Structures are given as C-alpha cells and as structure tokens.
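Right, one structure below, let's go through it.
Lettered A, B, C, D and E in written order, each chain numbered from 1.
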Amino acid sequence: MEAVAFFAGAIGALGGAIAVVGLRNPFYSVLALVVHLVSLAGLFLLLHAEFVAAAQVVVYAGAVMVLYVFVAAYVGGIQEPVWEPIPGQRLLAPLLGGALFIELSIAVLGSSLRALGDEGPTIPAGFGSPEQIGTVLLERFLIGFEAASMLLLLAAVGAVVLAGRKREGEEAASEEATS
Amino acid sequence: MAVEWYLVLSALLFAVGAGGVLIRRSPLVILLCLELMLNAGNLALVAFSRMLGNADGQVFALVVMVVAACEVVVGLGLIVAIYRRRLPLNVDELRGLRG
Amino acid sequence: MINSVLWTPLLFGILGLFVPRRWAGWVVVGGAAVTLGLAIGLLAGFDSGASGLQDTVDVDWISGLGVSYSLGLDGLNVFLMMLTALLWLPAVAFAAMRQPDRPHLYFLMLALGETATLGAFLAQDLLLFVLFFDLMLVPFYFLFGAWGQDRPDGTTAVAATMKMIVYTLIGSLLMLVAAIATAILAADGGQLSFSIVDLQQNVLSEGSQRWIFWFFAAAFLVKMPAFLLHGWMPDAYRAAPLPALAVFSAVLSKVGAYGFLRVVLPLFPDATIEFQEIVLVIALASILYGSVMAFTQTNVRLIAGYSSVAQLGFITAGIFALRPDGADGALLQMVNHGLVVAPVFLIIAVLAERAGTEDLREMGGIALRAPVLAAMFLIVTLATLAMPGSANFIGEFYILNGLFQAKIVFAFVAGAGMVLAAYYALRLYQRTMHNRKPEPIDSRDLGWRDAAVLVPLVGCIVALAFYPQLVLKRTDAAVGNQLRQAQRVDSNRPLTWQRGRESEAASISDSARPSGSGAAAS
Amino acid sequence: MNFNAPDIDYAALSPVIALTGGICVVLLAGVFDRVRRAVPLLTLLTLGAAAGLFIWQWGERKDLVAGALRLDELAVAVALIAILAAAFCVLISVREPAVSQAGSGEYHVLLLGSVLGMTLLAQAQNLVSFFIAIETLSVPLYVLCATNLRRAESLESGLKYLIIGSMGSATLLYGLAFIYGGSGSTDFTGIAAGIGKEGVLGDPLVLVGIALAATGLAFKISIAPFHQWTPDVYQGAPTPVTAFMAVATKAAAFAVFVRFFDVALAPEAGDWDVALAVLATASIAVGNIGALGQDSLKRLLGYSGIAQAGYMLGGLVVASEAGINALVFYLAVYSLMNLAAFAVIVARERETSFGDEIRAVEGLGSERPLLAWPLTISMLALAGLPGTAGFIGKLYLIEALVDGDYTWLGVAIAVGTMISLAYYLRVVAAIWMRPAEDTAVTAEVPAVAGASPEADPIDADAGGRWYLVGPALLAAAATVFFGVIPQPLVEWAEHAGAALSQFLP
Amino acid sequence: MSATTYAWLVLLFPLGGSIVIALGYRTWSGRTAGWIGTGAIALSFVNAIAAFVQLQGEPAKARHLTSTLWDYANAAGLDIKLGILVDPLSVFMILVVSGVSMLIHLYSVGYMGSDRGYTRFFSYLNFFVFSMLLLVLAGNFVLLIVGWAFVGFASYALISFWYRRATATGAGMKAFVINVVGDVGLVFAAILIFRELGTFDYLEVFDRAPGGFHTNEWTIVAICLLILVGAFAKSAQLPLHTWLPDAMEGPTPVSALIHAATMVTAGVYLIARTHPLFELAPTAADIAAFTGLATLLVAGSIALVVTDLKRIIAYSTMSQIGYMVVGVSIGAYSAGLFHLMTHAFFKALLFMAAGSVIAAMANRQDIDRMSGFGRAMTFTSVMLIIGSLALAGFPFTSGFFSKDAILSYASTRGGMYEIFTVLGYVGALMTAIYSFRIVFRVVAGEPCSEAEELAETGHVVHAEPENPATGDVEDTDVGFPGPEHHIAEQAPTMRMAMGALAVLALIGGVLQIPGVDDAITKFLEPTFEDSALAAIQPSVGDEWRDLTIGGAIAVVGIFMAYLLYVARPASTAVLVRRLRPLHTFLVNKWYFDELIDVAIVRPALAVGSFCNRVFERLVVQGLVAGTVDVVRGAGGVVRTAQSGFVRSYALLLIGGFTGLGLYFLLSSS
C-alpha cells in the first residue's frame, strides 16, 4: 500500500518536474509545478511530516503559485528560441544533470549508513504534527523562526522596490529605451 | 518504503531542476526550476528527518519553504521590473555584462 | 642614531610636501645631506675590529608573527649604508637643479627610495629585510613610470616600468615565502623568530635549504640583474629618469648581492655549497654576456646597464668563491661599482643634454670645450673598467684571487671579462667625448652646479683608489663571520691563505675520506 | 508535551535586536517625506548602535538561544567588518541615483537587512540559522543589485545574481541535508560528533554533502569555478552596493565557512583540505588572469576579489588557529583596501562621464590628489606591497600556510600576486602617469558623444564631497597605519582564532 | 735622506707636475705648462741621481731597500702594501727613464709649441713618467700591475691625443685593449704566485721561490708564461705587437718617449726583474727568447718595406726590443739592459729627428715623398744619421756595443743558443739596411718641394692638414695635430734635447766596452747576484770577435742600402716586382692584423651581434614575452568563459560541483 502511494507520489512529483522543464509555455510550467508540489506533499505525508505537507499545499501550491500565475499572465507568453546560442550547452546540460543524479545516487546508495535501507525507526505518535513542530521551532529554532520573518519582510520590501509604484521619470526612461 | 527511495527520487528531482536551469531561457521558468531544486532539498530533509526520527529536518524544511517563497517574490519582482524596463525576458539576451 | 639614519630621508620627503614646489627638491636634498652626515657619524664610530653587530636596535614589531624591528651595522653593511647615503645626495641634488614637474611627488619618492634602500641594508630581521627589499621598488615604480620617457618605437615608460616591477617582484615574492619557511622550519614549533642572527643558530635541513636557496637566489639574481633574468633591464633603463636611474643602478642592484652575503651564505650553507658552481656559471655568463652586449649596444644607458650586469656578475662570482678574499672583494666592488655607476648615469644625463640624443652613433667630440667634464668622465671610465690603481681593481683582484683559489677555470673566464670591460668602457668614453663632433652637438663644459655634484663623487672614487683599505679593514671580520657556516660545512676550504702544497695535501687527505662535507655536518 | 522556552541572553543578542529595531525604524522613516532625509543618519545610528553593542560583547564566548548562535570574537570581528562596510556604503550612497530609484527608506532597510543576515551568519551555529542567515544576507542583496532600475546592467546583474545565488543556495541546502542525514544533528558541534563516529567518517553521503556545501559556500565567496557571477554582478550593481557586497558578503561567508568547516566538519578535514586548496589555487589563477586587461574598475575589482578569496581560503584550508587569525586579519585589511577603492570609483563615476572605466581615473594624481592617494594606496595594498596592511596580510597568510604544511599554496599566492601587479599597477599608472582625459574636464555637459543615454547625472564636484573623500581617506589611512603598526590588528585577529581553538582538530 | 726617500720624491715630482698642470689648465699661458713639466721631470732626474748616489753608498749586499707608505689593501690574508723596492735595477731604470724623459719633455716644449692641447699634453706626459717610474720602483706585484696599467693608460691617452682623428682614437683603443690583455696576464701571474708562495712582495717571492718550486714545475712555468703575456703585450712582441705601429698616430715626442725609449721596454725590465722565477722555469725563458727572436726578425723584415717614416722606426723598435728580450731571457741581463739604455738614446733621437722632418713635410709621413732634406735641415739630418748609425750598430756607436753584447753572450752560452747569435746577425743586417733606407731617402737625393721651400724661404710648408693614414682633411680645432709643429732648426729646446741625445747615442757605449770597463754589469750585480746565468761571461776575446762581426755586418748593410737607395734608385722597384708575393706579404705586415681580426675581433663581434639580435630578442625577451603570452592566452580563456550567459555560469557551477563531488566520492573509503 505504502509502495503504491510512494510510486504514485513519485511519478507525480517527477512528472511535474519534467513537465516544468519540458513545457514550452511558462503558464503550463507553472501548473505543472503545482502538480509537482502537491505530489510532494503526498510524499511528505508518507514520511510522517503532516505539518510540512500541509504547509506545502497551503503556502506553496496555494499562495506562491498564485503569484507565479499573476506574473506569468502579466508578462505574457514568452517565446523561447529553439536555437541554442551557447556552444556545448545543449550537450553538456543533460550530461551534467545526469552526472549530478548519478553522483548523488551513489552517495545515497553507496553510503554505509544502515538506517538508509529501512523505513526508519518507529516514531512516537505526533511526530510531525503541528504541535511537535511548533515546539521544536520555538524551543530550538527560535532564531531561525525570527529570522525567517525578517526575511519575509525584507523580501516584501524588495518586491516593492522592484515591482512597486512607478516613480517619476521611469516612463520617460522606458520610452527612451524603446524609441 | 526504504528512505533510500525517497532520497534517490530527491536526487532525480534535484538533477531535473538543475538541468532545467541550464536549458531554459525564460527567467520565469528558471525560477520554477530553482523551486524544483529547493523542493528536492526539502524532500531529502524530510526523508532524513524520518530516518533519524528527529523533527529538526522538518523544521528545516519549513524554513526552506519560507526562503523559497522569498526568492520567488524577489525573482518575480525582478521579472516585472525587467519587463517594465522593456528588456527581453530571455536570460540569453541579458548579457551586457561579460568578458 | 641608526634609526635617524633610516628615517631622516623619509621625514624630509614628507616635509617637502608642505613647502612650495620650488623648494620641495631642496628640502629633500637637505634630508639627504643630513642622512649623509649621520651616516658618516655612524661610520666614524664603527669599531672596525669587531665582527658582530653594532649600533643595534631591536624592538618587537609584530610579535604575533615573530617579526621584530631590528637594525644593526656590521662590516657587511656599513659601507653599503655609506654608499646609499653618499649617492643619494648628488642624485637628489642633480634632480633638484633640473626641477622636474610635480616635484612634490618626485622628491617624496626619491626620499622614500632612500629610506627603503637603507632599510634593506640595515635590517637584521629577515622579514624586515624582505619588506624593505620589496618596498624599494615602489618609489622607483613611480619615478620610472611617471617621469620616464616613452620610446619612439612605442614602448611606453609605463610598460617598461611594469615589466621591471613584475619581473623583480617575481623573485621578491618567492623570497617572502622562502623567508617565512626559513623561520618556521628553523623554529620547529618553538618560538618563531625572523632574526637573522637567531636563524643562523638553527640551520635547516639540506632538503629545505635547496628550494629556499633558489627562492632567495631568484630574488637576488633578478635584482642585480643576472644573465637570463635581466629581461626587464633594457626597457626600464631606457625609460628611467637619469637621476633616479643613477641611484637605482648604483645602489639597488647591490641589495641583491648583499642579500647573498647577509642571508643566503649563513642561512643556507649546504645549498650554497651544493649550488656554488651553478651560481658561478650564471655569474660568469653575466660577465661575458653583459660585456658582449655592452660593446654592441649603441644606446648609452644600455651600455652602462649591461656593464652593470657584467660587474654584478663579478660580484656574485666573488661571493660564491666562498672564500673571505672573494667576499671581501665583492663587498669592496659593490661600493666601487656604486660609486662609479652613479656618476656614469649623471654624466650620461649631462651628455644627453648636450647631444640631444642617447645614441652613441650620433654623439661625439663633446670633450672639445668641456675639459672638466671629459676629465671626470675619464676617471669614471677608468674606474669602471677596473684599471689597476683604482679601488675597483683591488675589488676585482680580490674577487679573482678568491675565485682562482676556489675554482681556477672560472677565474680565467672572469679574466676575459676584464679585457672586455676595457673595451666597452673605453668605447663609451671615446664615442661620446672623442672623434669628430656632429653638428648639432653642443660641447659645453659642466656648469658649476653639475660640477658641484659630480666632482665630489669623482673625488670619492679617487680617494678610495688611494686607500681601499678603508673599506677592507672594516669588512674583513664580518665577511669571515658570514662564511663561517659554509666553512663549517665544507671544512677543507681554508679561511685564509695556506701554503699551496699544504692545502693540496689537506684536500687529498680529505677526499680520501668518504665525504668531507657529510662528516663535518654530522 | 510541555514547552521549554529557550534561555535568551538579551545582552548577547542586543546587537541583533538593535539591527532589527533599526530596520523597522528606518522602514517607517522612509515612508514619511518629512523624515526621509534622515534615513541615512538613522541607518548610521543603527549600525553604530549595533557596532557599539558588539564591541561591548567583545570577549564573550557563549552559545545563544539553544545553541543556534554562538557569540565569540570571530563572530564579533566579522560582524564589525560587515557593519563597517555597511556604514561606508551608507556614506558613499549619499546622492547615489540608485537610492532615489529604490526609495531611500527601502534601500537602507535592505542594506540593514543584509547586515542583519551577516551578523547572524557570523554567529550561526546550527544548520537552520546558517541557512536562513545566508538567505537573509542574499535576498536583500539581489534586490540592491537591481536598485538602479533605469540601468539595464543593474537589472541584469540582479537577475544573474538571483539565479546563480539561488542555485548556490539550493546546492548548499542539499549539502546541508546530506550532512544532517549523515550526522543526525543540525548543531555544528553535534555534526562534528556525528560525522566523527566510526562508520560515518569517510562515508560518501557525508562527503558528497560536504562537496555540495563547499560548492554553495565557495559560490558566496567567489571561489573558482563558482566565481562567474562575480565580475558581472560587481560591474552591474550600483557601486556602493558593489562595495558593500564585495567586502561584507565575503567576510560573513568566510566566517561561516570557517565555523562550518573548521568546527562542524573538522573530523573530515583530511578529505576536504586538499580539495579546497586546489580550489583556492584555481581562484588565484582565474581571478588574477581574468583581471588582466579589464577596462572596468569594478569588474577588475571583481576579479581581484576572486583572487583574494583564493588567498584567504588558504587560511581556512590549514584549519589551524594561525590560519583563522590570518584569515580574519586579511578580511579586515581586504575590507579597508576595497572600501577605499570603491569610494574613489563612486566619486569618479559621478564626476566624469566614463563611469567606472579605468579612463575615469586617468590624470587623477594631478587633478584630485585626495582621491588619487586612497586609490593608489588601495591598489598597492591589494598588490601586497610593503608599507601597507596588504603586505602584512599576505605575510600572515603565508606564514599560516607554511606552518600548516601548505607551502605550495603559499607559493601559489606569491605567483598570483605577481600576476596581479600587472593590473593593480595599471590603475596606479593611469592615476599618476597619464594626463587627464580631455572629456573628463567637460563634465558639465552630461550627454557627451558615446555616453549611454542611461548615464546618470554628473556631479562635477563629487570628487570633493566629504562623504566620498572622507571614507576613502580614512580607509586608505587605516591601510597604511596597519601596514606600519600592524600589532593591534594582529592581536585583534588573534582573539578570533583563539575563540575557535577549542574546536579545531 | 735615504735612497728610498729620494725614490719617493722621484715619483712625487712627475705626479705633482701632472696634477698641477691639469688643475691650472685655464691659467697656464704660452709654454708655461711645458716648462713646469720639464722642470718636474728634471727634479725627478736629480732625485734619481741622488738615489743612485745613496744606493752606491750602501754595501753591495744591502742594496735592496724597501719602503712602505701605507697598507693599500690588506684583508683575508692578501697583504698588499703601497711599497717600493730600490735596488740597482730599479735605480738603473729610473735613471734612464727620468733622464730620457727629461730630454723628450724639453724637445716637446718646442715641438708641441703651437698645439692647442699643449697643457693637456704635458699633463699626460708627466703622468706617463710618473707611471713608468712607479712601474719600475714598485715593490710588489700588485703595485707593478698598477704602474703597468697606468703606463698603458698614459700610452692610450697620448696615442689618441689628437682625439678628433678616428684613426688616432682607434689606435688608442687597440693599444689599450691589448695592454689590458697583458695586465690580466700579470694579474693571474700575481694570483698564482700568491697561491703558491703567499705573498706579492718581490723580495719575499724571490726568497721563497727556489724553495717553493722544482725547476720547470708546471706552476712556475705557468707563472712565467703569464708574466710573459704581460711583458709581450707591453713590449709589442709577437703576437701582441699590432698596436705598436698604429700607436704612431700619437704626436712624435710620444712615440719617442713611450713607444721607443721607455714604456715598450717595460717587458724587458719585467723579465729582468723576475729573473729568479724565469731561471726556475727555463722552458718559459726559452719561449720568451724565441719569441723575441721571431719578433726581431719579423719586425725587421717589415721595416724594410713600409713607407711611413714613423712606422719604420716603430718596427725597428719592435725588432730592437726583440734583441733585449732575447738578452734578458737567455741570461744576458746586463747586456739586455745595456741595450735597453742605448736604445732609449738612439731611438728617441731618431724619433725626434723624424718628428722634425715630418713637421717640415706638413705632417706627411710617407718617405717616398721625402728627399733631399740634407741642405734644408742640416741639423736634423745630422741627428738622423747619428741615430741611424747607432741603430745599425756602426762600430763604436752605442748600439754597436750593446747589441753585440747580447749576441756574444748567446754564443758563449752555446748549444741551441748559438741560433740567437746567428739569426741576431741576420737581424742586424736588416737593421742596417732599413735604418739607412731612412737616411738615404730623407737626406739624400733631389730636394722635394717642401725641402726646397724650406731651404729657400726658411719657412715650413703650410698645407691643408690631412690625416696621414686616411688622407682625410683634418678638423682644425683642439684635438687635432696642430698645424705648426716645429722643426729642430727653429727651436732651440729641440736642438738641445736632440744634441744631448746624439752625444749619448754616440758615446753611450763607453759604459761597457769589453776589456775596458763594465760599469753596468758591476752596478747591476747586486740584483743578479743570485743568478747562475749572470755568472756566465763571454771572454773579452770572444766579445771582440763578435763585435767585429757585428761591425762588419753594419757596414755591409749600410753599403747595401747605399746601393739600393742612392746608387741605383731604380733597383728597389725591380726588387719589388721580382719578389711581388714576398713584398705584398711584408707590406701587409705578415697579415697579423688580419689574423687577429679573423681569429678574435670578428668572432667577438659576431657573438655580440648574435647576442643582440637573436639571443636577447628570442631568449631573454622571449622568456618574458612567452610568459606574458601564456598569461594573456589564459586571460583570453577566462574572458571567453565569462560569456555573459547566466546559464553557462550555472553550467560551470554544476560542473564544478560534479568535479568536486567526484573527488570526494573517490576519496571516500
């Protein structure tokens, strides 16, 4: 049962990922990413990470993806030329991707850590529950938590700076550039 | 299922994401691919967390989600700024700086 | 006292920044004069019999790194200090009379150059030595680059200077690594010290000595410059402003040779003996190649430049004879060559002003109405070619003697250098001063101001010719000191003269043993 | 399940808190037109307060907030460097076009945010705070790089930095995940204990994790072959931001690099030291070679930064107290040297129509000696010539290297320095040995032929403004001062090394 | 005052004279400088006489006085003192040198009267005398080398005295460089002596030498050969002689003083001085003797054909020095030195007379253009004849006694040394012929136009000054042979000097007439007392036999010259035609210059040009350029990689990681 769930999730996550990379229209890529994220959330559930899975769906697939969709709609369809201007890139990119995968897999499979080979230890009830996560977060990772909030603030400020109100003179500059 | 499986899947996702950055030219899609890579990391973290029976990894994964969100926000902001500035939304054409 | 000698020039250089342009140069001249006075004071108080350091200053500078600010005088550097102080004065005065543009910077750099050079000679801490050794380049980079002349063929002064700096720093930086390695290996986990005297106590293993030796040698040989490493010299010499070039060629090149004596011989005796012949070959190649190049050049600066290559070859050969007579001669010759080359370049400046060219083929007949100039140049020329009767001859004689006793074949080859020297030096004199005067050349005698610069210098050459013992008396003890390590390693090398037959017998019995040096080292 | 609130040492956290408070204040101040002019001042005050509090905490060595952070001299030293760089950046940002583009409040908030990230990073002692801090450092920088929205280069540099930076973060994250998996802990000391165990030591999982983490960190400090963003981003970003980035990012990233590798990964030191040494050599080569023939000063400094990072990495490779001392010393010196140079570049950028091209400083020696000297000293110091702190820094590094049996890396530094002379001295030559370009004089006319239409307005007196000349002179004077009297700085750096000595292998 | 004090004074006056003249170069008007110079040398001569008197006052055994001023260079075991040795040999030399110098100075006061470099000339000339005296008085080898080099320099300075002539400066350079070769030889000799004996001091060296060396041991032979390099370079012996004929570019008094009377004989002095060493190395001594013999023959043969008046005399000088070298090498020390002295008299006289003639010819020196000066310049002609008679060894002139003393000694020593006697007579025949070739060409015959004008108007011809060697028109400013050199007839000082020398040349032989007296041998005895060879003395009968043969040969030679140049003037042309190859060979001076050119000068220049054009450019600069190119090329690679494509940066990042990861995987256990 668990295996089936895993493979379903894995296929969803992988398929989504490949679709993100492979689809020509960015809008579809965004949608594919949503599929990927949701599948991943399923895998998180299998790993007893309920809170993470929930956050994944709510925050990520929900909020963040909405941003993507907006922007994708705003900037419109972007045509990517088929012609590859960088010599060797087309050959090397998949090659390196493959090599990367092989290396990481060797690291995982070649590791002598016993725990890798089984499902993991029996875990107490409530592992991964919001309560436990909350406790760990506030007891041990308070700084991370606080910093993350500052980071969000800063990112918001950054987004405002970059995409926010139009400032005087900007139109003029952009007109100049187009003319 | 053994944790290995999750990790191998994570590695595959990481590689796919990396490959995507290498071959896609739309900054939007590149951002998506970066998401893929971070998510691969998250999967690994959660898998290890399961393996170790230790919730640290899950908390880490949550923090990574925040980070990913921040990167997305800033990245999208940049894309908008570039678009407003009437510059091509193709990373290959953004090569005024080189040499 | 020794501190004030070292820092006075720089102090005056900085003072010079705050006076009007016209006076900037003269302030630095004043500084050089004060320095010379102080240096003479030090020389007067120098105890010529002692072989150790005198007038020492030793304070912690960077205790964390084991570097101390340590200065001292001994027979090795007392005359090089004098030489520096002595030559800087006329060079600065010569420049001050000609009022270069941007005088503030110009004279600050000259002053900094003097301090750095004095520092290199006086430093008794290996790292301080390296520091000053590198620092010397900075002012000359500015002087050559900013006040140098571009060549019609498109080589700019800046490019030439750049080549010089990069080239000479190759060695210097390797030397920095080597110096650090020396101290660390010698400390062997204990208290780190760069003091040269301390380092002499713990000689490194032969393996370490080998590479460290070459790192140091690279720095010193490039600086001189020695054969094959002189690639920077032609361009830099052609670009440089002559007053700066005078001190550069006269004094800075000596730092390399001095470094061999001060650092390499006592600290790396095994490597020194091992590589003696290689260095000697380089030295001889420098003598021959420098001479041959000097007599085929037509640019007057290059003749002087290549002649320096040859002369420094002699000096190196003297040092690497690894005998007191050779080293004494080398030290004397350093002083002599400095005393000679500085006026040569100043005279070249004077000649170029009269001829409007620096090409030998377009010069001639300047002696016509310039008897004083001709006489000065003649004396300098004769000293350059080490005419017997000059102190230069005594220097070369000692060097040849040392070389002869150490490696007879090398001595004969070096002897050929003396003949070639006669040719190129005299050729320079003749082609500029004698023969017919091409029309545009202005044969004017020295003005009183130039004479005031040149005549005392030539006076020094003549005075030293009468009494070279002035130098030898003071160097002898220290030289013996520097060679002690090498002697210890190679015990069959006699310190002073022995009856030929006795030393022959000694060497036979030594070679009968399995390994003379190995036995001594254990 | 009962909740045990972690023990929070407010005194030790006070600098971080001050920074956070400052961010809020500045953000608010930026919103109101009345007080907007005071934003730079407020920023400086914030930085000053943080610096003061850090200095107050100097000498403390303790774990904070359940071991997430560690306050020690290394952290304080690096945080001070970052704050110093930020303060310089605030000064040289006055009248910077990018500030008005981004909005003064936002610009300075981002700056302070980045500083906050750096101070956290310097103290980070577990993987989560490490990762979040490095992102807090980076994300504002991505934005800052792009703040000159009118210039295509600025946006380009922002995007490039973001893409490569995120990729580096992802790699780092992946590595951290592996290390977490291998060691079972997120605390540095726990990791050290975990990977030091029999059976884990030398495990491929951990080693590949180290490789991934090394890649991510090496990217941050511009180590070849992960350096390629550096020249482009340095050149494209607004110059004050470049200055800040070049100095502070490097310092903070080095701090965590040291803490992570020399503490957490110390048991594996025998595996990573050679690899990092090779990377250091590669950086020295690539940085120095790439800088030759560059016409853009910022780009040149970018490449030079790659090379300098290579030198500094040596201090980490040897994993000794001396190495850390040397590294911290060099970081401080490196900051001074670069800040002086960037201040001058900013001045010339505003004063002439040549931007950051090397032409902009031609004839500077006779035109503006007060700018010429700092740049000259900076270049000579970067080249490691004696009389400047750069020489002492190299000496310190090489000494540590030789002491740690990495003499060949010391030789590589020497060789790299030789090559570097060619471009550093080229700048010096431009300053002193060339006449001023004619067009530099006609600075009043903004749109000279060939100038880009995006060219920022020209301020013909920029070279005389105190907030540009002052920092430049100050940094240059400090460079010379510590070149002549290095002992105080050496002692300062020695504290940093001593702070880690108990963890070192 | 002791002899050494006088000796120091002997040195002091010329040096002081030189400096005083030089410093006052603007002050001295007219002939003041000449008189100061002459006076200084005269004082020096007086002191030399005083030293001689003092030395004779000492007992014979104690006639080796040394005196040291100060330590010159004393370190590392090399003890070099500024010291002199006063013994009969050095006193003999200072007498000859200062005496002849004084007369030549006197001559120059007149002769150089209108030269614009007058002061400079006397300063140089005084300096030369100082140097020469230093050379002979030096008490150790180093000081000897100093003097040796100083005379070389003085010679250079005076040869290229008219420095605007390229030929003069070239000749000066040649002389100097060859002399430096000699110096280097001496330096090595000194160093080798020091290595073996541990001292540079003459007396100590001679003292230790017999104990230090076996006869003909390689070291002592090497030392002697090195000394010979010095001696031959200075004394113009084969193959280092080529500078001497060219040295005739100098003013004639210079040729008389330096290149005839004094400096060139320094080699002879040196061999005599170091005779204890040579006697330990008979092989070296024989080499010296045979070289001297070869030189005397070669030079004599060349002198028969060259047409430049001064060059004939120069070759004759070489030839005569050959005799002296033979003499001192085979052991005839006093005879050799006796010949040195008489040669100084008559050769100086000859040069002075030649100078007078040349002045009358407006500086032309080709004897083919001269004739018939007998009437126009009676005094000069008489002097020329006296000098030539002495040179030819005409009975009872000074040359007659001195030259034959050498040959007589050789025949007495016997064995292979007979060769020297026989070939020495052959040389004597040539000497007689060429010396009277001069006389007959210049004095006899129809007066040439210059002679005629002089005889009729009493004025010397004023021609457009030209370089006798190249025919170029001279630049008429300082440093060119002044247009009005004086002839003896019109200059009393010249006449005084020549007259004195003529007397000496005629009667100088009386000092040592076999069977009558042997003043020189007696006087020099203390110096050579330890010599085995000096003890060999030909019997009076043998000597007179040889003198008779020599006298006969001289008469025959003069007669042959008469036949060739006076009785049948056309016969020379016939001879030249008949013996064309021989004549060409001789006129080209046995092709020595060409040989040296091909063997040494050209290779050196070729090496120089190779170094300059190829080595410096390709290797030395190539080393730099190559490195720069490599670095630049690498820079190109780095900058190409920096393509601006962010994706390629990402690629490198991933690639870099892959490599790094691979390394870690490989290093994992």
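Just so it is clear, a residue touches a chain if its C-beta (ideal position, glycine included) is under 8 Å from a C-beta of that chain, and two chains touch if they have at least 3 such contacts.
Quick caveat: nothing in here was measured; it's all calculated off a predicted structure.
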Go through the assembly and pull out the chains touching chain A as well as chain E.
-> B, D
Going by the contact rule set out at the top, which chains touch both chain B and chain C?
-> D, E
Return the chain whose centre of C-alpha atoms lies at maximal distance from the corresponding centre of chain E.
-> A
Going by the contact definition up top, give me the pair of chains with the most C-beta pairs touching.
-> A-B
Taking each chain's centre as the mean position of its Cα atoms, how many Å separate chain A from chain C?
-> 68
Could you please state the distance in Å, as a whole number, between where the Cα atoms of chain B are centred and where those of chain E are centred?
-> 95
For chain C paired with chain E, centre-to-centre distance based on mean C-alpha positions, whole Å | 36
Could you put a whole-Å number on the gap between the CA centroids of chain B and chain D?
-> 25
Residues of chain D touching at least two other chains | 128, 132, 135, 139, 142-143, 146, 149-150, 152, 158-160, 163, 167, 171, 174, 178, 181, 203-204, 207-208, 231-232, 419, 422
Each of the following residues of chain A touches two or more other chains, namely 85-86, 89, 92-93, 96-97, 100, 103-104, 106-108, 110, 116, 132, 140-141, 144, 148, 151, 154-155, 158, 160-162, 170, 173, 177
Any chance you could list the residues of chain B touching two or more other chains?
-> 7, 14, 17-18, 21-23, 25, 31, 47, 51-52, 56, 59, 63, 66-67, 70-71, 74, 77-79, 81, 85, 91-92, 94-99
Interchain pairs in contact, sorted by label | A-B, A-D, A-E, B-D, B-E, C-D, C-E, D-E
Complex contacts: residues of chain E adjacent to chain B | 639, 642-647, 650-651, 654
Which positions of chain A touch chain D when the two form their complex?
-> 103-104, 106-108, 110-113, 116, 126, 131-132, 135, 138-144, 147-148, 150-151, 153-155, 157-158, 160-162, 167, 169-170, 173, 176-177
Quick one: in the complex, what on chain A touches chain B?
-> 2-3, 6, 10, 13-14, 17-18, 20-21, 26, 29-30, 33, 36-37, 40, 43-44, 46-49, 51-52, 55-56, 59-60, 63-64, 67-68, 71-72, 74-75, 78, 80-81, 85-86, 89-90, 92-94, 96-98, 100-101, 104-105, 108-109, 115-123, 127-128, 132-133, 136-137, 140-141, 144-145, 148, 151-152, 154-156, 158-163, 166, 170, 173-174, 177-178
So, in the complex, the side of chain C touching chain E is made of residues 163, 167, 228, 230-232, 234, 289, 292-293, 295-297, 323-325, 327-328, 365, 367-369, 371, 375, 382, 385, 387-389, 393-394, 397-398, 400-402, 404-405, 411-412, 415-416, 418-419, 422-423, 426-427, 430, 433-437, 467-469, 472-473, 475-476, 479-480, 496-500
Mind listing the chain E positions that touch chain C in their complex?
-> 22, 25, 70-78, 80, 120, 142, 145-146, 148-150, 153, 156, 160, 163-164, 166, 169, 172-173, 176-177, 180-181, 183-184, 187-188, 190-192, 194-198, 212, 219, 475, 477-479, 604-605, 607-609, 611-612, 616, 619-621, 623-624
